[in-house]
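First chain written, first letter: the chains are A, B, C, D, E and F, and each begins at residue 1.
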Amino acid sequence: MFTIEVRDHIMIAHSFRGPVFGPAQALHGATFVVDAAFIADALDANGIVIDIGLAHDALKAMLGPLNYRNLDEIPEFNGKNTTTEFLSKHIYDGLANAARAGELGRPGVELKALRITLSESHIARASYEAPLW
Amino acid sequence: MFTIEVRDHIMIAHSFRGPVFGPAQALHGATFVVDAAFIADALDANGIVIDIGLAHDALKAMLGPLNYRNLDEIPEFNGKNTTTEFLSKHIYDGLANAARAGELGRPGVELKALRITLSESHIARASYEAPLW
Amino acid sequence: MFTIEVRDHIMIAHSFRGPVFGPAQALHGATFVVDAAFIADALDANGIVIDIGLAHDALKAMLGPLNYRNLDEIPEFNGKNTTTEFLSKHIYDGLANAARAGELGRPGVELKALRITLSESHIARASYEAPLW
Amino acid sequence: MFTIEVRDHIMIAHSFRGPVFGPAQALHGATFVVDAAFIADALDANGIVIDIGLAHDALKAMLGPLNYRNLDEIPEFNGKNTTTEFLSKHIYDGLANAARAGELGRPGVELKALRITLSESHIARASYEAPLW
Amino acid sequence: MFTIEVRDHIMIAHSFRGPVFGPAQALHGATFVVDAAFIADALDANGIVIDIGLAHDALKAMLGPLNYRNLDEIPEFNGKNTTTEFLSKHIYDGLANAARAGELGRPGVELKALRITLSESHIARASYEAPLW
Amino acid sequence: MFTIEVRDHIMIAHSFRGPVFGPAQALHGATFVVDAAFIADALDANGIVIDIGLAHDALKAMLGPLNYRNLDEIPEFNGKNTTTEFLSKHIYDGLANAARAGELGRPGVELKALRITLSESHIARASYEAPLW
């Protein structure tokens, strides 16, 4: 099983609802360092999972609508807590759609799974991993 | 599959028995940077695996009896080599008990697995991962 | 010249004023990983610059009023851009006052300088360093 | 499931063939920071997966023929793109042979899988993981 | 004294002349993770040393002619060993010229010094730091 | 000003005397990740500060007598607290002697200063820096 993994980041504001979040119920923010892992059983004819440059571009395109935003104001997230783990799946969903649609430089069926990891600090991170098919 | 992972550390002394350990048979020590990963198939109603603050607290509580200790003097470890991989499972066992008992802010059956990783230096680490059920 | 340096972090929201900031003029946020370095010409009788545990406590006390906040709403920062470099000096000022007042476990005159470094992502950071006297 | 993971690195030159590689079709180079993970279901009588010192030696021996080389000139790689993912599997293959042959200080059947990760920069890495049997 | 520091990287091939370099006399390569630090005594009216986005752009522009190249073939480097420390100064020289010429979004005289650090692996790096005036 | 910096580590046991140390008065231990920086005003004829391989060897030679030891049993440290900052200077002293004696592959007078940094965890480190002459 082969994996390539690329890194980018976003800087966002948000707040959480629910007493479990304590002081994080107030409007605050985070830098999320985002690692996107693309997983395949076999390399293609070029000897790659997908092109690392293309992987960076796909991740940046996915992160664009989130970056420098107050996530509380994004309609798609209404009524949701945009936690680190929730955002991991949100980014997974976007990149999984691109992968299945063959937009990552390789037929979607040749990719197996994705794993998205968001580091919110030097001592905490979350991830979401799932098969594509 | 969702994962959250939190980091803490301990600073301990110990020695090993067995020629395979070479100079590490002498009393020496280590800083173990400990990452505890909590894994679940689904988020709870708050949009989290478990609360990251609670995860930090649970890990710190588990590490407390080890920190600033000579592990050779802890009766529970009598006759054991407290290797990096052994300690990974020891910490797993404690946190797994807490998870199964529902002490991590969520019914134990909603958690799936834990993974404990101990980095002993910038070039070596060990981990133990297992399902909770 | 001896230095000890301890690390903590804050998660904040803020916005900037001025076209140079481009999209960061919108409300967004950041995790700042904060390193506080305490510098002295000589060690004390215990063989330390200051106690590392105390240094952690002093840094955490300084960061408390900023953590989980929207910095735009803190009166002290009215009319200021709370940039990474601005916040480095803000934290320096607070810790420098504590150092000069002898609140760090050692007469202030025995400390020489502080350096505060804020990492806003894996690819950008800022710092402020200055003598205490 | 227990894992130990050790780190080393190589500094190589190479070039790629295929328009997908863009400017990387020219002769260039890379530092690959290599993590080799050794995975077992149970610890041995010493309380280890395999000896970490031996793991470092095995990885270094495997990397020796690649280090400070132009990979384009190594006959074994003729007609191949020595991508980060390709090299991950190449190193896996060598260490897997050593593991199966019992050269890692433990009967090969007691080891379960290997995972080799090559970081080519602070923002990109690749890995290959597979069972040994 | 304020500093901002931004990170990028290059992937190059090169070789060294001189017995001190041992196996590195052969054509090999490196990923250099490059940190560029911009140092000023005071912040500007926006509360910054220079804009971090502009700093990233300036560093990328400076690195472009080196990236994905065999440095042995760059005429400017004829007869030079393109060591990590040599390249640190080369990048310093380019960014220092830009700084002095006021191309970094601020009058050059308001900047004080630059420091360029190149990490060639997880265990070795070099830097060059000098005043601008 | 040019700097090269190399990394190694030691794993030691020790204890401290003095109430300021709290629980660290008990026998415990640490992994110290050690960075040794060699500083010069000019590069030599080969284009280097000193050879990075030689720097690694010199650091390893200096660390050898400390590694896998209980520092409380080393006569040279009798009556001393072997704190992170104390050990930084101890390692500085050894490497400074080597540098002044011309044992680092370059006349000692051509080297200007050394800086030794010991990271004791992901959140705390100490350093000692001083001119050689």
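The rule is simple: a contact is a pair of C-beta atoms (placed from the backbone, for glycine too) under 8 Å apart; a residue touches a chain by one contact, two chains touch by 3 or more.
Keep in mind it's a predicted model, so treat the numbers as computed, not measured.
**Student:** Which contact partners do chain B and chain E have in common?
**Tutor:** D, F
**Student:** Need the most distant chain from chain A, centre defined as the mean of C-alpha atoms.
**Tutor:** It is F whose centre lies farthest from that of chain A.
**Student:** At the place where copies chain A and chain B touch, is the share of residue numbers found on both sides over half (same) or under half (different)?
**Tutor:** Interface between chain A and chain B is built from largely different residues.
**Student:** Averaged over CA atoms, how far is the centre of chain A from the centre of chain E? Could you give it in whole Å?
**Tutor:** Here the centre of chain E sits 31 Å away from the centre of chain A.
**Student:** What whole-Å value do you get for the distance between chain A and chain F if each is reduced to the mean of its CA atoms?
**Tutor:** Taking the average C-alpha coordinate of chain A and of chain F, the gap between them is 41 Å.
**Student:** Quick one: which residues in chain A touch 2 or more of the other chains?
**Tutor:** 7, 120, 122-123
**Student:** Which residues of chain E touch chain D in the complex?
**Tutor:** Its residues touching chain D are 7, 9, 11-14, 23-24, 26-33, 67-70, 120-123.
**Student:** Which stretch or stretches of chain A touch chain B in the complex?
**Tutor:** 16, 18, 20-22, 80-86, 88-89, 120, 122-130
**Student:** Would you mind writing out the residues of chain D in touch with chain B in their complex?
**Tutor:** Within the complex, chain D contacts chain B at residues 1-8, 43, 46-49, 51-56, 105.
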